[in-house]
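Mind having a look at this structure? Questions to follow.
A, B, C, D and E label the chains in the order they appear, each numbered from 1.
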Amino acid sequence: MAQLFFGYFAGVIAITSVLVVALRNPVYSALSLLIMFFHVAGLYVTLHAEFLAAVQIIVYAGAILVLYLFVVMLLNVKQDDRYHGQWRIAAFVCVPLLLELLVLLASGGAAQSGLLPAQTAADTADNTLAIGTTLFSTYLFPFEVASLILLVAMIGAIILAKRDFPERGEM
Amino acid sequence: MTHSFPWLTVLIFLPLAGAIVLCFVKDAAVRPIALGIAVADLLISLPLWWLFDASLSGMQFTEQAVWIPSPPIHYSLGLDGISLPLVIMTTVLMPLCVLISWHSIATRVRGFMALLLIMEGAMIGVFAALDFVLFYIFWEAMLIPMYLVIGIWGGPNRLYATVKFFLYTLAGSVLLLVAILALYFQGDHTFDIPLLSQGTYSTSLQMWLFLAFFAAFAVKVPMFPFHTWLPDAHVEAPTAGSVILASVLLKMGTYGFLRFSLPILPDASKMFAPLMVGLSIVAIIYGAYMALAQSDLKKLIAYSSVSHMGFVTLGLFTFNIQGIEGALMQMVNHGITTGGLFLCVGVIYERTHSRQIADNIGLTKPMPRYATVLVIFALSSIALPGTNSFVGEFMVLAGTFLWSKLAATLASLGIILAAAYMLWMVQRVAFGVPSPTFLPTLRDVSPREMATLIPLVVLVFWIGIFPNPLLTRMHPSVNHVIARTLPPVPAQATALTEPDMLTLPSTDESPVPLEASRP
Amino acid sequence: MLYALIPLLPLASFLILGLGGRWIKDNAHLVAVPAVFASLLLSVLAFIDVAGGQHTTLPLYTWLVSGNLDVHIGLYIDRLTAVMLLLVTIVSSLVHVYTIGYMHGEPGYARFFSYIALFTFSMLMLVLADNLLQLFVFWEAVGLCSYLLIGHWYERASACSAATKAFLVNRVGDFGFMLGMLLVWVSFGSLNYHAIFPAAQDAAAQTINLLAPFGGAWEISIFTLICLLLFTGAIGKSAQVPLHVWLPDAMEGPTPISALIHAATMVTAGVFMVARLAPLYNLSPSAMSIVAVVGAATMVFGATIALTQTDIKRVVAYSTVSQLGYMVMACGLGAYASGMYHLLTHGAFKALLFLGCGSVIVALHHEQDMRHMGGLKDKLPLTYWTFVIGSLALAGFPLTAGFFSKDDLLVSAWSSGPLGQVLTCFGLLTALLTAFYSFRLVFVIFWGPSHVDPHHADHVHEPSSTITVPLLILSLFSILSGYLGIPSFLEPVFSTDGGHAEGHGAAGLGIMVAATLMGLAGIAGAYYVYVLNPHLPDQFAAQWENLYRGSLNKWYVDETYDRLFVRPTFSAASELWKRVDVAVIDGAVNGVARAVASGGWLLRLVQSGQTQHYALAMAAGIVVMVTMLLLF
Amino acid sequence: MTFSPGDLLLVLPELLVVAAACVVLALDPVLTPPQRDGLAWLSLGTLAVCMGIIASQMGQRAEAFGGLVVIDDYGCFWRLLLCFVAGLTVLLSYSYLKEERLHIGEYYGFVLLSLSGMMVMVAAADLLTIYLGTELMSLSLYVMAGLKRAESRSLEASAKYFVLGAFSSGILLYGISLLYGATGSTRLPAIASAIANQSPDNPLLLAATIFIAAGFGFKLAVVPFHMWTPDVYQGAPTSVTAYMAVASKAASFGAFLRVFIEGLGGLKTDWSLIFLLLCIATLVLGNVVALVQTNIKRMLAYSSIAHAGYALIGVVAAGRSTESLGGVNGIASVLLYIAFYAFMTFGAFAVVAMLRKGVVEGEEIEDFTGLAKRHPLGAFLMLIFMVSLAGIPPTAGFIGKFYVFMAAVEAGLPWLAVIALIFAVVSAYYYLRLIMLMYMREPGELTPDSPRLVMSPSLSIVLACATAGVVIFGLYPRPLVSLAAQAVLALK
Amino acid sequence: MTIPVSYYLILSAIVFLTGVVGVLIRRNIIAILLSVELMLNATNINFVAFSQHLQDLGGQVFVFFALTVAAAEVAVGLAIIIALHRSKDTINVEQFNLLKW
């Protein structure tokens, strides 16, 4: 059963991710990505990370991807016909990398068994509660930092995307 | 008394302070103040000559303070018989450099004088430093001022020359830094030069270090085939720059050999001695040939420097007292003589604005005093007896002869060739009829110029006629160096193999064996 | 201590004139002449002092000490030195006086005096030296004076070249001298005569392998090597073949200089040196033979050239070369005393001849070509007669000084052995040639029709007394010095020399007669050719054109040297510079710089501005890193 | 594991910086332009206070927030340096922004926010905190690089920086995830003990190391992850470039060293090999390409790449050293090197910024021609910085190189030092070329309307600080040396 | 719970590399950002899988923060893209080559 789910999610994730790259129209790419996000969320569920699955859908699919689509529409980007001229070279670089990674990870994953389980069990009954508790106790500091990141992103986006550059000072 | 007063610190930092002062004085006062500081430094250095105890081989006037505790780098200064003459030579030359630049440097005088003084401080520092890192800092610190002096006040092709000078010498000296560090870790974790000179290091390490030292020092000397920066730099440099370059900077290389290569790496030095002697001889002969081919006065003198410095390196690597003391003498002599020659070229360049021999001919008639001085320096340059260079070259040859007769013979050829290019130069420049184009500009030397030349002339003869006071001060230090290069005395072995030696009284009247130490 | 003043007085004179010449100017002689005469007086005192046979050593100061290289400047006076002192101071004094007349009004008057004072000082120090290095120092110093004086008229290109040439050729000789000296030091641990000579006796069997650096073996006696190396110096200084080329050119200098330096004193330094070092030379028969042969060759060679030269000073100069050959040959044959004897008499009569030439030249307003002379004996009677005396002495006419010394020399040579006998024959031949060319000079200059430039012909008159008085004095010496018994006076100095005593055997008598006859024949021949049949010279020249041209052109030695050494050196220098220094060495340096810069240009192209290229580089970097770790 | 209020005291400097940033951002819209200058002074004041607090924190070691953050000498060293550089940046920007007519009050806010990110990076003891700090820093810098929106170069720089930055942070994150998988934690001490307990040949670990190295390589601008540097440095406003070149690099080194020494110390044989290669490549490429640059900012960018290479030597030495305390010298040399680098590079950029006057762009190297005539003091200061960058005594640059090479030689890598020194000679060429242009060439036509170069007071302070650092530490490096040595001991 | 963790690793590696390839070959800057999202998601899969495997919540927390950062990045990135598009009228990465060499 678990293998079946994994196989399904993994297959779709792999296919859609390839499609994201392969499809030339950005809108289609974004839509493939959307599908992929959902399946990743599904995968999270199978891994007992329900909270993350929800966040994945809300934040990624709901916010980020919509933002992408919005910008694509806003800019009215025409279809991008060609890949970058270096795609052959990229293949030469990435295929060996993939193979190497597979070699490393396949053998590495096998060597994983020796680790002790950590203190906080991940598949506790209430995943959301556990994460929430952790976030606001142990990870309070990163949480604040993350808020700063969002602040920067917000103000930065405003500054950069403002239409007119207001020359407010007459020095 | 001698220990209480920080002679060397004052010597080094007075010019540096002077350079800073120069930045804040009125334009008109720049030259006199620079001169005053240089003269003051000279006056401070002169007592050292008499305060120096010629019976000691160790460092004198030492000062030491911790500079950086980890690794232990000290601000450590001192003089011995090897560095004393060079320090005094430096202080003697600097006022002359200021004087010769009095009018010839018309733009940015403030900067020029400040740079001269900075160089003076750094040069004295190089000779006085007893800490290897301190030495290296002074050594490198020389580069930028010299770079600027050539590059800003130099001749038309100065940019090429100055970059070449800088990169060439820098490339040589970077290896020195690695060698210093390697020595630190392989030795007793010290940068103290006297301590390092007592250590023993494995032969292979010595060889590597020697090569690294060689890169730095050989470029500076410059030895064949690392000499090509010299003619360019000399030709383009302003007079004072040429003088400093030839008289002091080149000595830093040979000083390095004497101060570091020989005592710290005695085995490698001996191993490489044939190479060094070979290169020296090539430099002597090759430099002379190059000088013969030149039509530019400064280039001619520059190549003659290559030849003369060949004698110095030759003497150093004979490992006997005559050779090394001769080399040391020759270092001082070359500083005086070549410095004098460059001053002469500067004087004439101020008049004709040409350094071509073809333009500066027949100067005796319009400029008799100038010609006299020029001829004196030229004769000194060809090691005429009675002048300073003879003493040095003769001693070097004597030392070389002990080491290898063939080497001495080949080196002696350099003396013939030196006479050839120098006299040919004199024949063209001093004798004959002046070119009418330049005749109106040929005023004889002014008192100021005479004041720059006369001290050197006096020194030429003084050292030529009374070299012994100088030599006396060198003996203990040089013997100290030589003692390092001698093989450890196998007293026991001798006793075992040749028992008769112990019983026989020493009848050997001539201490020098015929077939002297031939490697 | 008083004797230290002998050289120091001329030194003082030099310093005063050299530093204050600008103010002293035409009064220079007031400083120089008294100084040299004082030296002369002191020399006489010194001579008297050592005439008894003892010698004096006077240490002055320590010059340099370095290990066992220990050189003290000191004065050493023995009989040999004493006679040389006399020669130098006398000739120098006379030349000083002569100069007053000869150089008066010249712009370089004071300078000239300062130079000859310096020369006198150096020459005196040379002969007074008690060690080899001091000898060498002043050996070079006299060379310097010679250089400066030859180039006295520095605006004349030929004078400057001659000066440079003289110095350079001497340098070549000194190169050998230096090495010889070093070998002495290495072998005996000292440079002092008093230390060398005894040590040399002990080390007589030492040999040295000449080919050691090359792995070969050629053992020769150390003394042979030392003597030959030192003799190289003498070859240069005493103008022996093949380094004689500078001496004739040196005649570009003012005539007093030719007399003082290039006839009487400096050029004889080589002979003096060989005599001084007789104890060393005696230890190496083979070196001696070479010395003798070189001397003989020079003797003949110089004489053959002197036959055809037209410049009167050059004739005398080649005659000097030839006569120096005599002396060197004598020394080489062990007849040091005879050599020195000839040196002294030659000093007198050759100085006389030169000064006579100078007198003629001054009278003719600096005309030196004998083809523009003739018939001067009435206009310049005093000069004529002194000149004849000098020539007679040179030709070995009986009862002149030259007669005694030359005969003595040839007799000693003959008696020294088989080599000596062969060389004596050449000596006799040279005697013939000598007499011939010296009287050719007399006849062409003073006899026959006048070819003097008509502009000057009427004004020709005897020069002032400062010129003529020295001539008279020197003629006196040219005759009298033959009667002084110098050889026996000097004999004790060369104690090992046994050849001289039997000089008056039958063979000796024969040689004397032969030599005298040769001299007379030469004079007669000259008379026949130049006075009786003035057309003959041209006829001979036409008949043996090659020989004539060879002699006239000094056997093309200069040209050969030019081809062999001078030009190749210069072209090698410029080729080396262009091909090696600029092209290879500098090329390599600049090449490295250029290579780095082009590397920069190339690598710069990687920075294409394409963001994705950058990303690709990063990815590639990861691939490389992973691969590396997988491989290791 | 739980939060205690005392922890806030430990991160007080960070909090102050953030607070100041918020104040600046909040006040900016309501202030008039002249009043907005006050924001700069506010920032400065905050930074000064922070430095005081950090200095007082020296000597202790305290963990905060359950070990996510650690306040030790090592972190304090970097935080001090970063605050100092940020202060200089504010001062530099103060005049530069006026010159550029960039009147954005948010600018100072971003400086402070990115500073807070950097401070978090160097004080973090957990990969998560490090990651967040890095992102905070980077995001601010992306925005800052694009602040000169009117110029497409600036935007392009921002875009490139952003795209590649995102790419690299993906790589870094991937590496972190693998490391997390291999060791079971993101805490550096836990990682270290996990590594100590298993075979170092674990491929997962190695892969993680490589990806993390690549991620940091990007921030450090190490070849081949350097390629954004020249473009971004050139395009960004000069004051931002200076800040990026110095502060971001310093913070990245701080975090990088902590990760690799504290966390991945057990794998040092592996990573030192990687960094050895990267180091050589960086030295070669940085120096050689800098030779042929015509834009001063690009040249300085390549120079900064090359300097990262020199600093890496210390890292390699730390990794290769076999002695028990061997790593200490290597790391200390990196600390010193970066500190000295900060002074000289910032100084150089400040001079470049100074040249930006009206029509004079001041960014082409040719613009420096004859500067010694036009502005002797500026030229002289540039000379000092160039000399120091070239590593010639008696400047701080030499001392930095000295320690780095010393570490290399001690670690048995004299040949690496030789290579580095040979390329130091190459570097001398392009630094000298600038000196040559300034001093040895005549300036071009000075048109009457070309403005006189005047040093504003704030710029003078910046230059004075940088020069003082270069010269004083060149002559008397002892305080900084002992500070670095002390800092490194905390790391162990 | 029988899926070995290496399966997840391989999946994430594939997705990650697909993202890398996307960054390398797409010319549209938005597509490039989408590819970066792929990379981040691959990472997240790793974290969650390890988190599950190790029974440690830390991984999930990390993912949470990674998501936040991704969101922030997107915001900034899209702002940059808009500004760029406004000034250059293109979002083709190849066209951004004012700065080179």
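Methods note: a residue touches a chain if its C-beta (ideal position, glycine included) is under 8 Å from a C-beta of that chain, and two chains touch if they have at least 3 such contacts.
Please read all numbers here as calculations on a predicted model, not as lab measurements.
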Could you give the fewest steps needed to travel from subunit A to subunit B through chains in contact? 2
Enumerate, in label order, the chains that touch subunit C and subunit D alike. A, B, E
Measuring between Cα centroids, which chain is at the maximum distance from subunit A? C
Work out the mean Cα position per chain and let me know which chain is farthest from subunit D. C
Chain pair showing more contacts of the two, A-D and B-D: A-D
Taking each chain's centre as the mean of its CA atoms, subunit D sits from subunit E at a distance in Å of 26
Taking the mean of the C-alpha atoms as each chain's centre, how many Å separate subunit B from subunit E? 65
So, in whole Å, the Cα centroid of subunit C is separated from that of subunit E by 96
When centres are defined as mean Cα positions, the distance from subunit A to subunit C in whole Å is 101
List, in ascending order, every residue of subunit D touching at least 2 other chains. 128, 132, 135, 139, 142-143, 146, 149, 158-160, 163, 167, 171, 178, 181, 184-185, 206-207, 230-231, 429
Counting only residues that touch at least 2 other chains, which ones in subunit C make the list? 593, 604, 607, 609-613, 615-616, 619-620, 622, 626
Going by the touch rule set out above, which residues of subunit A reach two or more other chains? 84, 86, 90, 93-94, 97, 101, 103-105, 108-109, 112, 115, 118, 139, 142, 146, 149, 152-153, 156, 159-160
Which chain pairs here would you call touching? A-C, A-D, A-E, B-C, B-D, C-D, C-E, D-E
Could you list, by residue number, the parts of subunit C that touch subunit B in their complex? 61-69, 133, 136-141, 144, 147, 151, 154-155, 157, 159-161, 163-164, 167-168, 171-172, 174-175, 178-179, 182-183, 185-190, 199, 206, 208, 212-213, 222, 569-570, 572-574, 576-578, 581, 585-586, 589, 593
Provide the residue numbers of subunit D that touch subunit E in the complex, in ascending order. 128, 131-132, 135, 139, 142-143, 146, 149, 152-153, 155-160, 162-163, 166-167, 169-171, 173-174, 176-178, 180-181, 184-186, 230-232, 234-235, 298
Which stretch or stretches of subunit E touch subunit D in the complex? 5, 9, 12, 16, 19-20, 23, 29, 32-33, 36, 39-40, 42-44, 46-47, 49-50, 53-54, 56, 58-59, 61-62, 65-66, 69, 72-73, 76-77, 80-81, 83-84, 87-88, 93, 96, 98-101
Would you pull the subunit C residues touching subunit A in the complex into a rising list? 610, 612-613, 616, 619-620, 622-623, 626-627, 630
Note: in the complex, subunit C contacts subunit E through residues 604-605, 607-612, 615-616, 619
